[in-house]
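Next up is a structure, given as structure tokens.
Chains: A, B and C, in written order; residue numbering restarts at 1 for each.
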Amino acid sequence: MDIIEAKEVSFEYVRRDEEGNVEGTTRAVDHVSLDIRQGEFIAILGHNGSGKSTLAKHMNAILCPTEGTVWVDGKDTRQESEIWNIRQSAGMVFQNPDNQIIGQVVEEDVGFGPENMGVPTEEIWERVEESLKAVGMYQYRKHSPNKLSGGQKQRVSIAGVLAMHPKCIVLDEPTAMLDPNGRREVIRAVRALNQVEGVTVILITHYMEEIIHADRVFVMDQGHIAMEGTPREIFSQVERLKALRLDVPQVTLLAYELQKSGIPLPDGILTREEFVEEVGKLLGK
Amino acid sequence: MLRDITLGQYYQTDSVIHRLDPRVKLGGTLLYMISLFLFENIWGHLLAALFLAAVIRISRVPFRFMVRGMKTILFLILITVTFNLFLTPGEALVTVWKLTITREGVRMAVFMVIRLTLLIIGSSVMTLTTTPNNLTDGLEKMLGPLKLLKVPVHEVAMMMSIALRFIPILLEETDKIMKAQMARGADFDTGNLIQRAKALVPLLVPLFISAFRRANDLAMAMEARCYRGGEGRTKMKPLIYRRCDYIAYLVILAYLVCKVLAGVLL
Amino acid sequence: MALKVDHVSYLYEEGMPLSRKALDDICLDIPQDQFIGVIGHTGSGKSTLMQHLNGLLTPTEGHIYYMGRDISAKDFDRKMLRSKVGLVFQYPEHQLFETDVFADVCFGPKNLGLPKEEIEGRAGEALEKVGIPREMYSMSPFELSGGQKRRVAIAGVLAMQPEILILDEPTAGLDPRGREEILDQIRQLRRQTHITVLLVSHSMEDVAEYVDRIIVMNQGRIMYDDVPKAVFAHYRELEQVGLAAPQVTYIMNALKESGLEVDTQATTIQEAACSLRKVFSAVGR
């Protein structure tokens, strides 16, 4: 079943001059159609201004399409009456870890969503405990968020969404402000959610190494979906990725360089181990 | 630098006082403050001091933390004492130039010092044993009936707790922007008043922009987590009176009765 | 020696129960005309060290000398030091405050008390160096893209005409395109002006290709201070403290372990490809 379906979705920002008169419109998302099935791990890639964040905000009814329709769990996001149900079934984690934590104690922050939904007190405690355990932050439940590292704060944010028992989580560049260790922590937690808890994950990012484990990847450029496929399919198109000015993992680049000088390595090598193995094969070792 | 400022002066330890319902502590502090101004005799004040000493003892907060709050208002106490000393009419004790110290003045000044000291230490006990968050919760619940008069009690309490969460973040940010501007040769420490006020522009503008950006982000994050005001919300940590809270109320009541008796009888 | 750091230690929250050593007996020489990468993860003390170099923080123990003079001395002109040692903080765009780009860049030289023509001359020059076109001078800094804002902020420090430029994670939070642009500008700047640049980063890949020297910091101490190839040779030790050598280093070492005669000193894709081509042509492919 489709958890999220977008059909011919466009979104326009209205630009205004200093007096507030309409100067024109900018099309951030342009006729995008996609469908995401329950349990999938989806990555959406693109650089700033490609429309990926705007698209993400449609999946949680923070924005409504100017044209076209978005269905979340079968519900049309333009329907006012469904808005809270939609936000509960599609949780959202944002870029800046400091600006989305409301509680002054980790466990209170995780309880914020269920409190808003009117979950009974005892069940809130159960949900908080299981969510914090799922992201490996249970031992920090009594801490102040201010004392945590960036990666830990983002895991708390993820737990906060998880406690609302969503069917899918949209993560809008959750690692952009983190250091490499924090990035690894968060991606590990996200993968665990997808594999262990079976939550549909939609990861928006511009780091290539984070999409390797995705089931499907969408690359966005200028409001369109420019590429779509499995990570391997995406990474076999090095030239195209370079034209979109996206990073390519160094292993993939190295293999591509060697291919260009006539060494018949296969397309879309993603990991070090693969590379060593393929080179070994060619050299008969 | 700025990061050294700590807000709220909660002292982390475990005691009966710490575990009391914030409503008891808020109400108790209020009643205690009123009791200080009820009667004017030395026995009454002695009773108030003894009561406070007992509470401090039970709270397990070191006494020096209590006195810390005094430093900030020492100036206020000095002014009050001076006014009371010189401006109370009555039997003259000493006259220096045009200023006269009266017997009544001395009496008033001494009582004033005792009262203010007990008042400050009394409220410090509350802030030292209650987390800011707990305090906001207590206030929200206590002022709940005002909702009937269309007072946005929940919203105000939510604003207070968000402010408490963001003050340390904004302080750190202030520190960072200040350093960044200093690296561009800005000078925040010298010059006259106008120059100094002007020097603050490069600090305040980025700080406000950042605060607005954060507010915007936070509002979106709260909405994404289904926040829609106080209606229909449940509480993760609801305030429920327990036995020790009722006992505490009784103790406060007993203290008040004694205080009134001391005032009337002695 | 332009800057000399002599046995510097720094305690955070001195005298408080929570005080901890952020810097521990650091010795360092920073000459003129060198490109230095400073690597370490969050909390390693690298940012604290950088703030010592222009006198924003004062060492708890030890001394720092600029051109042979102790910068903590009473009569030392710290304002002059800050113009000679330019420090660009993390997310420097957060310090922009003027109504237009040009005025903001003028802020630094204005603080130095220079005549008006000189101020404007320097501002124009600095903006040119970071590749901001003239038609943007009168725009509000807040109309610019993330990468452009950051370059304007860097120009704000460059306009003071420092001899040493410290950039604290200049690429944090940018997408690959923005990252590439900033790093390109810095490289160009080095070529044109020969100022000493200290590039603070989490990412070995960012610095591997360009710098003459790498300083690795860990737990307030200097772990390595050497040319890149020598530092990356310690890739196992780096891994242990949570830092990684460039991916290429790992690939080449893995190939070597599988019995191939490759150059493990290669740190860039080009070098690695070159070495591998040799191996392939040796077996006649």
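We take it that a contact is a pair of C-beta atoms (placed from the backbone, for glycine too) under 8 Å apart; a residue touches a chain by one contact, two chains touch by 3 or more.
Here the structure is a predicted model, which means the values were calculated and not measured.
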| item | value |
| --- | --- |
| Partition of the remaining chains by touching, absent chain B | one piece |
| Far-end chain from chain C, centres as C-alpha averages | B |
| Pair joined by more contacting C-beta pairs (A-B or B-C) | A-B |
| Centre distance in Å when chain A and chain C are each reduced to the mean of their C-alpha atoms | 30 |
| Whole-Å gap between the CA centroids of chain B and chain C | 45 |
| Contact set on chain B toward chain A in their complex | 131-133, 161-162, 164-165, 168-169, 213-214, 217-218, 220-228, 232-238 |
| Touching residues on chain A, where the partner in the complex is chain B | 60, 62, 84, 87-88, 91-92, 94, 96, 98-105, 107-108, 111-121, 124-125, 128, 145-146, 160-161, 164 |
| Chain C residues within the chain B interface of the complex | 13, 51, 54, 56, 79, 82-83, 86-89, 92, 94-97, 107-108, 111-112, 142, 156-157, 160 |
| Residue ranges of chain A touching chain C (in the complex, touch as defined) | 47-49, 149-150, 176-177, 179-182, 206, 245-247, 249-251, 253-254, 257-258, 261, 263, 272-273, 275-276, 279-280, 282-285 |
| Of all residues in chain B, those that touch chain C in their complex | 4, 173, 176-177, 179-187, 201-202, 205-206, 209-210 |
